[in-house]
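Structure, as structure tokens:
Order of writing sets the chain letters: A, B, C and D. Residues in each chain are counted from 1.
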Amino acid sequence: MNPVNELDWGARYRSVRALGVAIAELFPLEDRLLQAMPQASPIKWHLAHTTWFFETFVLRGSAGYAPLDERYVSLFNSYYNSVGPQPDRAERGLWSRPTYAEVAEYREHVDEAISSVIERLDTPALERLELGVHHEQQHQELMLTDTLAGLYKNPLEPCAVPLQTSHAAPKAAPCPLRFRAFTGGLVEVGHRGHGFHFDNESPSHQSVLLPFELASRPLCNADVIEFVEAGGYQRPELWLSDGFDWVRSSGILLPCYWSNTSGEYRHFSLHGSLPVAPEQTACHLSYFEADAMARYFGARLPTEMEWEYAAGHVDKANLRHAQWLTPERWLPLPARDEHLSQMFGTVWEWTSSAYCAYPGFRPSAGAIGEYNGKFMHGQYVLRGGSLASPQGHVRTSYRNFFPANARWQFSGVRLARDVR
Amino acid sequence: MNPVNELDWGARYRSVRALGVAIAELFPLEDRLLQAMPQASPIKWHLAHTTWFFETFVLRGSAGYAPLDERYVSLFNSYYNSVGPQPDRAERGLWSRPTYAEVAEYREHVDEAISSVIERLDTPALERLELGVHHEQQHQELMLTDTLAGLYKNPLEPCAVPLQTSHAAPKAAPCPLRFRAFTGGLVEVGHRGHGFHFDNESPSHQSVLLPFELASRPLCNADVIEFVEAGGYQRPELWLSDGFDWVRSSGILLPCYWSNTSGEYRHFSLHGSLPVAPEQTACHLSYFEADAMARYFGARLPTEMEWEYAAGHVDKANLRHAQWLTPERWLPLPARDEHLSQMFGTVWEWTSSAYCAYPGFRPSAGAIGEYNGKFMHGQYVLRGGSLASPQGHVRTSYRNFFPANARWQFSGVRLARDVR
Amino acid sequence: MNPVNELDWGARYRSVRALGVAIAELFPLEDRLLQAMPQASPIKWHLAHTTWFFETFVLRGSAGYAPLDERYVSLFNSYYNSVGPQPDRAERGLWSRPTYAEVAEYREHVDEAISSVIERLDTPALERLELGVHHEQQHQELMLTDTLAGLYKNPLEPCAVPLQTSHAAPKAAPCPLRFRAFTGGLVEVGHRGHGFHFDNESPSHQSVLLPFELASRPLCNADVIEFVEAGGYQRPELWLSDGFDWVRSSGILLPCYWSNTSGEYRHFSLHGSLPVAPEQTACHLSYFEADAMARYFGARLPTEMEWEYAAGHVDKANLRHAQWLTPERWLPLPARDEHLSQMFGTVWEWTSSAYCAYPGFRPSAGAIGEYNGKFMHGQYVLRGGSLASPQGHVRTSYRNFFPANARWQFSGVRLARDVR
Amino acid sequence: MNPVNELDWGARYRSVRALGVAIAELFPLEDRLLQAMPQASPIKWHLAHTTWFFETFVLRGSAGYAPLDERYVSLFNSYYNSVGPQPDRAERGLWSRPTYAEVAEYREHVDEAISSVIERLDTPALERLELGVHHEQQHQELMLTDTLAGLYKNPLEPCAVPLQTSHAAPKAAPCPLRFRAFTGGLVEVGHRGHGFHFDNESPSHQSVLLPFELASRPLCNADVIEFVEAGGYQRPELWLSDGFDWVRSSGILLPCYWSNTSGEYRHFSLHGSLPVAPEQTACHLSYFEADAMARYFGARLPTEMEWEYAAGHVDKANLRHAQWLTPERWLPLPARDEHLSQMFGTVWEWTSSAYCAYPGFRPSAGAIGEYNGKFMHGQYVLRGGSLASPQGHVRTSYRNFFPANARWQFSGVRLARDVR
């Protein structure tokens, strides 16, 4: 890691921290306390935990730093066993204290302390600060997806943020889906060069790819409707065994947040309940669904190596169309052309690769080594970032990961297939 | 039922409604949203549901009433199937909308409507209004016990309301426990006369009581400590079979909210974590614990018939010592004398009587008939009211009921025994 | 208790013991090992546990008795904490050893030992022997109901014992249901006199009964079909709240063992799958169903006091029609007349009485005191015995008890109602 | 696939079928019915299901074949949705019918039919017959591991098969563990050539391996004891996050079947309870434990590619020491030398590779395509076969797979490490 100089980092730090608060304040206080399920957390907790990260990994041990409340060391620890025990994550929504105002005070306390030390941080500390900034960006995306999951529990289907007409999706036929061919061969994958990256993106290494094809765009809602109406959710031959057990025992017949009670497909969003727009990029799909849909369309999911290799070929113009996190519109745009469209910043794209260590992987030293490595079980890699990923956060080599039944992220499907 | 005239009921209505809000406002907004478990509800919900009760059973159908929001008919219905379906009660804490401010607006809307119609309500409607007032009082007690359960989930053990020194418990040896003898015989139980009562208190009827003795006071914390230290929680011979399965599988070794991590018994309360005061009346005990403690002390629990019969002999002076709901002090006082002390307004007292219909019981007609009768399974009767019961709410014939493992109410134990 | 003389008891012992083996041998070995659910046990276990009872409570401590295998003390202990810890009852079906042949050897070992000491047993020991005989009879009924539950798990719907045509139910219209009036008053209930009885039937005591009416016969299958077809299982107003939660969450739409996949009501039995005969007495109903059906028919369940009082008026001729345990026919006969028919030996009849201690109840001393008292929670009393109860086992004062959702016994419904 | 000629297959078929019955008959009938958990099945079921496989995939549709019982098509279907629905696998132990004797009759019926058609089977049918033989061999191993799991539920810790002294493990110090270096590079993995293999072993393909080292032998019990006594089961830094949650929530402090109640390590086996022999190869370890132990010893697990590449270098002499399935001894032998010892036929060795499709993988056509592909989620690959694998069944390219918490197989750990 090679952090930029401290002046830049001061500005970057302040900007990222401000965005977190700005997102929180889009919602009334009651929304900021919601925890829909153990895997999701309230906005208030995200704001406190990201603060805790800086306090623990940058400020602790720094001369003259006095914590605001010693009890926060444990309360806002997510999963760092080296730092100490953690309370039950499933009950984060039940911690009414500290209040939101007290958490805001905690943020200010830490922000001031960072401000007063940032100029004299040594390189390792600055690297941890940089990690903290990226960590906070990850939680900004989760603040949105977790709150969406929480609002969905409400029988009133509240509209958290009104969708302005100017942002409404253009009504148009879906862009045709084409397959783009790649030759593969012995390719280099993983992060190279000097910029920031997480430990799980390294070391870069060689991998053998057979020739393959990748779809020009992710599946759109029209594709999903075709799958639904072909009985896709009830046909075991399309599913992994665990996947079919899951849909059957959970009674799943539609994508997450979708409904169809009176002949119209609708989906719940941060803009409330909306009709499903056929041309929009499909999202909130699990790995199991992605895999079944791929099989239905006579294709398969790409491996993460294939995805990364292909992403190296994306036209820069495509990147300009990425949505990235903007507070006014939280729906994945449709594809705009038949090139490799929307590889970044629309929906996280499931790959068929189980999340595992790259050859020669070494976790970072100390507690920060718990960041990635210990989660290398039971998850699949997703690539490319979503509309809720903050701008500047995602790279070609970036590896996100979720379990095969996770649906509450902005996650979608891009097809791949072998060349015969 | 024979409701008093409408002028009195207007004042009574306003006073009870105001107390609900006053209790809520003792807590910061974050606390008012807590739901610790499916059986408990957030303060915000209690405030809305009690309002719904008046809207549904008094205002609906009344000429000129326009509801604030039609969706509240379903959202704030607790369990009245005749009114319509209800959302999952376990998720009440996840309904961030309507916000607290919107619920306050709902209360005002209904209060104004009641105020405008109260003078012309017919007798059945006025009886439903009276029931609504008692219903709201029941929920006032639950607002406290449910919020205590919610705050207990917080690893910080917050002090919701500071305990003023002047209200601290007097330090003194526990009052001696004496047994008072009653002759029994063919006695009349159940509600008689004209005042308000719930349907489950009627009809009054005869019951045969053998001679029995009742303890002069409920068990105090010193008694409970004796039970704990005699290994009471680990001795199966003291327990009902289901009760022992429950403590063993739940790892229960102390009363609810108690801890002893460093040689000192402490308990969590609305005043935060406090040392256990030996002379204080013991509370937050389940039926299973009450029954086991009675067996340990060579006694048994009274039947609800014995309790009611004995309560008819309580000195009126005793009633003056009842605590009833006061916002400053939420700890059960110790007994003051060796007469039948604290039969009312300290802790709900478990009886050995399974909650069932009195002979000839008829539920009220219509949806209000769901108030009591359909819960006559799997619960035991408690008598006497607690420190959190609003003044004027509890009667000698009043039957509260909870399952045998419920511990989050202010519930305690009064011993009884046979005369040999 | 006043056991008869030892000669009679030797014969009684041998006869009851032989019946247990005879029942077991109706089934192939594979069936004798089935445990369908934690509450049920395999035939092999029943045969061993009843043997354990005699060994533990009659032979242990008797001079010269050497146990066959010391490890059986723990293995075949059901729930006697005073005797020692017990293995997990849910896994009884997984104890392949001792084999069935070894359990048969264990029975012979104990039978021989009993035979050699029976003439010199003192009165307390003889009373425990008598209790053991009644205990074994209770398990004989369970051998049948538990095995039926086990066979029902088999997709092949095996016919355990062929139904001989001569035993098939007579085809006839159901006997009309009449209500018989009883005056009640101050009545005596509980066991009086010298014969054997369980501790929970005593002491006899007075109870006040209002005038009431009792149905001339239990509900028959035609009545149940009427309830089903009136949508009874889906109408919440007919059910206790817990009961409706139970049917809804369990997806229950028919009585236990019933099906209707192609327009025909069928039920599974020890004779395999059979058409539902309308005139046959309905069975395998839970308390929740019994209570809901009573409400549907504008009636209620009797209290156990009412049942016992009415049972004192049953014509002796009626008793001759009881079925009692016969290995050839395990279907409850239809009622034969409009008097108080089938009070005994057809189906256990649910009462509305929660199972609790009679006033002045004292459990027996020692481990045998665990027989009944510790189960006085969460159960309802059933009266009268069923077609699977061994002859001579059931009395007017006999109290059986099961939880409100238990359906695998031969349990049915007799209606009662108030006199207005 | 290229099945050998029909004469050889007749003999091979008969020999494998006979071995299944021989294994079953080592146990009394009661043992053959045990199902300890949903993932395990009774011996009786294994005998029937393997028969069903031949009936379904070889005999059905063959002219003149008449099934013994049409209902077995569904009853003994394990997971082939294309064949039809399957009953709940968790209840296989509850199907007392068909009896064991009836299953034996079913086996004979199918064996005779196979015998009469084998000479005229076409190549595809002969290939399915060959698959059926390998399928039966897989189930032979499961018959042992599943029955061991069942016997372990017995508090008596029965000895299923006496361990003859001549087969007892030699008492000796564990063989030293050395690391053997491999250069890697661009290597070929997967099955090549003409012999039988499962679809998941193909297509063979290239993979890039960095230089690595592999341990000369699997971990032995002395190694495991070192891990246990260093507190390995309680140190989160050694575990995957899901792994640590699993051991903590399950209370796991020792390998499966181990105990240490009085200072002595003992383990349960098909020979009953035995002292843990330090030099014996450790087994019944989950992936989570294997991974944690590797981390404790400063190493990692090999990838399946590394394992397969290294296995190509195993001295043929080593293969002679493999134990393979012999009915007299079911304990994994200690290593004999410091070469690559025991790569085959002692314990299945966990690899770090999530079970997934090889590049270009195509499942077999038809129902048989459900054999492997649909299980490519949530499992890890194991290699090499165990002492319970039948001789001739396992290949270098053979991929077994189990979830990360599976412990009831004969599964162990071979360490690997990077070359720095």
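Convention: contacts are C-beta pairs under 8 Å (C-beta built on N, C-alpha and C of every residue); 3 or more make two chains touch, one makes a residue touch a chain.
These numbers were taken from a predicted model, which means no experiment stands behind them.
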item: Numbering shared by both copies at the subunit D-subunit A contact, with half separating same from different; value: same
item: Label of the chain whose CA centroid is most distant from the centroid of subunit D; value: B
item: Centre-to-centre distance between subunit C and subunit A (centres being mean Cα positions), rounded to whole Å; value: 58
item: Interchain centroid distance [CA atoms averaged], subunit B/subunit C, Å; value: 38
item: Where subunit C and subunit D are represented by their mean Cα positions, the distance between them in whole Å; value: 46
item: In subunit D, residues with contacts to at least two other chains; value: none
item: For the subunit D and subunit C complex, residues of the former touching the latter; value: 28-31, 33-36, 71, 74-75, 87, 91, 93-100, 150-151, 153-156, 158
item: Complex contacts: residues of subunit B adjacent to subunit C; value: 79, 81-82, 186, 205-210, 236-237, 239-244, 288, 352-354, 356-357, 359-360, 374-378, 404, 418
